[in-house]
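One chain, chain A, appears in both complexes that follow, with chain B as partner in the first and chain C in the second.
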Partner chain A sequence: MLLLTRGFPLNEQGVKLKKELPKGRGLWVDGLRRLRRRKLAMVSFGIIMVYLLLTGFVCVTEIFDWQVGPARWDEKVGSEYEPPSAENIFGTDFLGRSVFRKTLYGTKISITVAFWASVISLGIGVPLGAIAGYFRGVVDEIIVWLYTTLSSIPYILLILAFALVLRGKTVFGYKLAGITSVYLAIGFTSWVGICRLIRGEVIKHKDREYVLAARSYGCGNSRIILRYIIPNVFHIIIINFSLSFVGFIQAEVILSFLGLGEKTRPSWGAMIDAARLDLPKGYWWEMTAATIAIFFISLALNIFGDALRDSLDPKLRIQ
Partner chain B sequence: MITYIIRRLLYTIPIVFGVLLITFILFIVVSGDTSVEEAGKSASKETIEEIRKERGYDKPLFLSWDSQFIKHLKNTLVFDFGRARDRELIIDKIKRGAGPSLSLTIPMFLGTLIISVSLALVVAFLRGTIIDILAVLLCVAGMSIPFLSFILFGQYFLAFKWGLFPVFFSPDLTMVQYLALPVLIGIAAGLGGNLRFYRTVMLDEMRSDYVRTAFAKGLSVRRVLFKHVLKNAMIPIITRVVLAIPFLFLGSLLLERFFGIPGLGYLMIEAIGARDRYVIMAMTYIGALLFVVFNLITDICYAFVDPRISLE
Partner chain C sequence: MNDNQTLLSVENVSTHFFTEDGVARAVQDVSFSIKKGKTFALVGESGCGKSVTALSIMRLVSTPSGKIVGGNIVFEGRNLLELSGKQIRQIRGNKIAMIFQEPMTSLNPVYTVGNQIVEAIRLHQKKSIKAAWADATETLRKVGIADPEQRVSEYPHQMSGGMRQRVMIAMAVSCEPTLLIADEPTTALDVTIQAQILDLLDQLQEQNGMSILLITHDLGVVAERADNVAVMYASRIVEVADSRTLFAEPLHPYTQGLLKSLPRLGLSAKRLQTISGTVPDPLHFPAGCKFHPRCCVGCSDKRCQTVEPKLRKVPSGRYVACWYAPGYEKKCKT
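Entry: the complex of A and B
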């Protein structure tokens, strides 16, 4: 009944009123419209875009070997430990390099690590969760056993263990060093959350009418999962992506700080590690620069992720 | 009830086995034979051979009665982790570190819990007002500052510059003296996330009918908040608390490093620096085991409290 009367306002007797409401909107259009109304979320989105553009810019300068701005982070621009001035906004480090340029370059490292870690964790978590939820039975039990086991190991220890073990290993002739081992470690350890979520959703969806209809047309299992169920749970993947991104950035900082990350190029974690010795001497700017960089991207991602969840998750809409 | 407990107990066996398998694959199979690295640069052939024997690298990985996997199972189950690089038994190191770690993490945890739950009650009551919105914004801002920055700036300003606290641990200080600052920093850093979580929990409760009834009966705000809402919000709070306990034993990696507290976090940092994977393996296993045990306790407690729960 609800479906039949959708789009038309009813009066108390249940008779259609003449005025037609705007046409029904899909989940995505509706979600985007809700999102656009939140000013804070849009500001956050702008900040995230700035970081992403910066990352893209640094990548491009590296590919084409342009000698501009952040690509010249290892250039000596002044004497050692120059305090912030108009010339060098964040001062210089112990080798006289511009802290501002290092921070910009660190953006690329952090964002790439978080991006690849997300891709790996979604790439493992989503298929496993979908398979477990769809087929159930023995496959489900094995996958559930696997992620229960993994999740019973404290997260930080698991990341450390992976990072420690993967460092310096050679896989298919490719030596795992620097950020590669970092994002592999983060990615391999953090798929449990999304796997559990997707499994639960797929279990709920697999007996819905639309799936039964698809099956009655003669769709195969893989087609049902990929073309029918996954698009219907896709908002969960997006929300999880944006909220876990923050965690990955912070994990990269801690791993780099512990000496398990990037050594040769500047990253935010390495900058904080350097500042550990500099801060007692009163050189506060490198630490501050890294903190500010991390703070703004985390804040923006947190606010944007929450707004995304509020606007895309149908369950939260009633409020 | 008894059958439930027995089945729940049996369910932990594959999990513990899984943890053993993962630690084995990670630390023994993937890491490979590190006897050369362990022996040092100028070690003789005999020393390397001796280390290989002690660690069992000369045995097959699986598929044999004296294989490395069987040895790993047997040793780890009885908490025999072998010796660390400095030839001390790893289990002794862990026992020694547990005390300082717990004396840091327990006050930190209790402080965060009490402050954030009581603040959450207030904020949830004021929902929708400017104070609530500000509090949520502050929480998100607090969550966005990296933990390392909290520690570094806290240590620099409060201890180093203004001299309110001692900068580092030293044996002649009293416990309160050297723990005060790390505990304070830990609480400040953890407050944002916790307050936001408990606020959500409280808000869910505030919308319930019984709260409206209680207000309609004319009960005072304080009575409704602390008698009715808090009691009902206890279930998610207790779950979070019980599942956080295993992490208390592991100490705080970063806080212990910065303040030189000789706990388990410090032990791990040292092990990472020395690439001593056996210490990390022991900590991983113990951490996982504690988590499994406390998970079991929570589930059994639930079964006692809520008769509807049963294991499928």
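Entry: the complex of A and C
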């Protein structure tokens, strides 16, 4: 007769017939496995990877000064305002440059801006939120006051003000030009959302039993925040990163459109800005190219972010 | 009270919670002492202040609302209430360890159990990660987990409640504490596992010679395991005795009521007695003896309604807080 112990068959002597237990899977591995089963999410992930690889490729061509593809965006490839053709799939702009190459190059600008803006906003929002939520009291009130004040100012105005102030300033001997001032402006103004989320989550977690237990082993506050609470709310940071990325790409477009962004190199926002005057004349392709580029990355990031949320949210699994 | 056999003595400790609705006196004037290598049980209904007493000893009462407002907690000759934050952290986990009621939520879900035990060890002992892992595996074996080499790298959600409680115990005893506070260690587990966990605690106590403060509402658990018992009711200890005498001859009407409400083997199956009424709200305790509205002896006694009896030694050598306990008043007059 076979006895079953923990799902493994034993023989009469009680010796396990199967040697190995399945290897332990962490929450992350588990979540990512779940994510891999979602087809749409994986397609979105593929699209995001294409954009990221393109960004990497453009960076590499710049570093090594290779004169290929998007790096040659400022080359004249035909007469001005050529409509899309087999040669130039998105046509040419008012200087006869390939719109397709400009769009590819613009990817780098947009992704870089969105990436650094995310890093800055998480770098401000997560520590502030964690400190406010964990210590409460006066610290909490100051931080909450800070972000409610910040969030009461209309976003676009605030971001414009920051971009205008930062533009052309020299900080630590480094001149804030072009996209640097853009991502600083976006980063400094957009940490409110994540700060609020993290604060709420930390408040929820800090009275959980495992935190009390950690304290009973003699853990100090900083250890509890860094080793216990942050890892447990980290999925929120990841999800927020992927969802706010879209917002930052769009913010860059808006800033460039308003003339505060990159001036010398093409970005999606600058392309739309340039195409604004061309559109009434019937030259639709530059606007279309930039819009398509924005559309796909936004859609992909949104779908992927939602899927991430669904598969990483521990509420679905931990009881 | 403070001879060298005493490991911990809690003297007149009061812990209050300052809430918006008023002051909740969760623990009032509680005193008891635990001897080295012995098990001391704290028994009482939910909400009577058992857990808050335990948290007060660890200085883990949640701030800012909760505060220990008076008394001394002397552990190995040092008053825990006077220690700095850093000093108390060196005692927590190292000298005094605690296991909690809910093994399902008391482990950090994002790390493997090995990781967590290693962390507890390395907080207090200067050991290499490798040595700490070896220790962790060894401790898991000691608490009776099969395949500790495998289990050490598993996550809490892969384990059952009983196993998680074993892991909690492993973490607690990994630094060989001299006092283990077990806050309802078996409440969330089913009966067979309960017995195993309690046996495990006994066995570890024998090996390490540690004292155990066992907090429970289960009198059956107490009768078998504890050397001494304190019965708590509505924030105060109402009776202290060694467990044999307490069960044989309870003095306080509350203890009597509790024992009468237990089913006993060998007695004919009559309807069990109950204690009528409910535990009073800590924000609005009744005047006088807090038990008098539910008491079968003193509910109509003027003195019970107005003057609260303090815990006192009665001639039989036990401690009780009841005007009707034999010898209580005589002692009182002197």
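Everything that follows uses one rule, which is that the second predicted complex is superposed on the first by the 287 of 319 C-alpha atoms of A that agree within 3 Å, B and C clash if a C-alpha of one lies under 4 Å from a C-alpha of the other, contacts with A are read in each partner's own complex, and residues count from 1 in each chain.
The criterion applied here is as follows: contacts are C-beta pairs under 8 Å (C-beta built on N, C-alpha and C of every residue); 3 or more make two chains touch, one makes a residue touch a chain.
Note that the structure is a prediction, hence the values are computed from the model and not measured.
Colleague: Once the two complexes are aligned on chain A, which partner has more residues of chain A within touching range, chain B or chain C?
Modeller: Between chain B and chain C, the winner on chain A residue contacts is B.
Colleague: Tell me which partner A:E209 touches in the superposition: chain B (first), chain C (second), both or neither.
Modeller: second
Colleague: Taking the superposition as given, does A:T148 touch the first partner, chain B, the second, chain C, both, or neither?
Modeller: In the superposed model, A:T148 contacts chain B only, not chain C.
Colleague: Quick check on the superposed pair: does A:A161 touch chain B, chain C, both, or neither? Answer first, second, both or neither.
Modeller: first
Colleague: Taking the superposition on A as described, I'd like to know which of chain B and chain C A:Y228 touches: first, second, both or neither.
Modeller: second
Colleague: Is there a shared patch on chain A that both chain B and chain C touch, and which residues make it up?
Modeller: On chain A, the chain B and chain C contacts do not overlap at all.
Colleague: Which chain C residues qualify as touching chain A in the complex?
Modeller: Contact set of chain C toward chain A: 58, 60, 62, 64, 85, 89-94, 97-98, 100, 102, 104-112, 119-120, 123-124, 147, 150, 153-155, 157-158, 168, 171.
Colleague: Write out the stretch or stretches of chain A touching chain C in their complex.
Modeller: Touching chain C: residues 20-21, 23-28, 136-137, 207-210, 212-220, 227-228, 231-232, 234, 314, 317-319 of chain A.
Colleague: For a test of understanding, state which residues of chain A touch chain B in their complex under the given definition.
Modeller: Contacts found on chain A: 145-146, 148-150, 152-154, 156-158, 160-162, 164-166, 169, 246, 250, 253-254, 257-260, 269, 272, 275-276, 279-280, 284, 287, 290-291, 294-296, 298-299, 302-303, 306.
Colleague: Given the complex with chain A, which residues does chain B contribute to the contact?
Modeller: Within the complex, chain B contacts chain A at residues 14-15, 18-19, 21-23, 26-27, 30-31, 140-141, 143-149, 152-153, 156, 160, 246-247, 250, 253-254, 258, 268-269, 272-273, 275, 277, 280-281, 283-284, 287-288, 291-292, 295.
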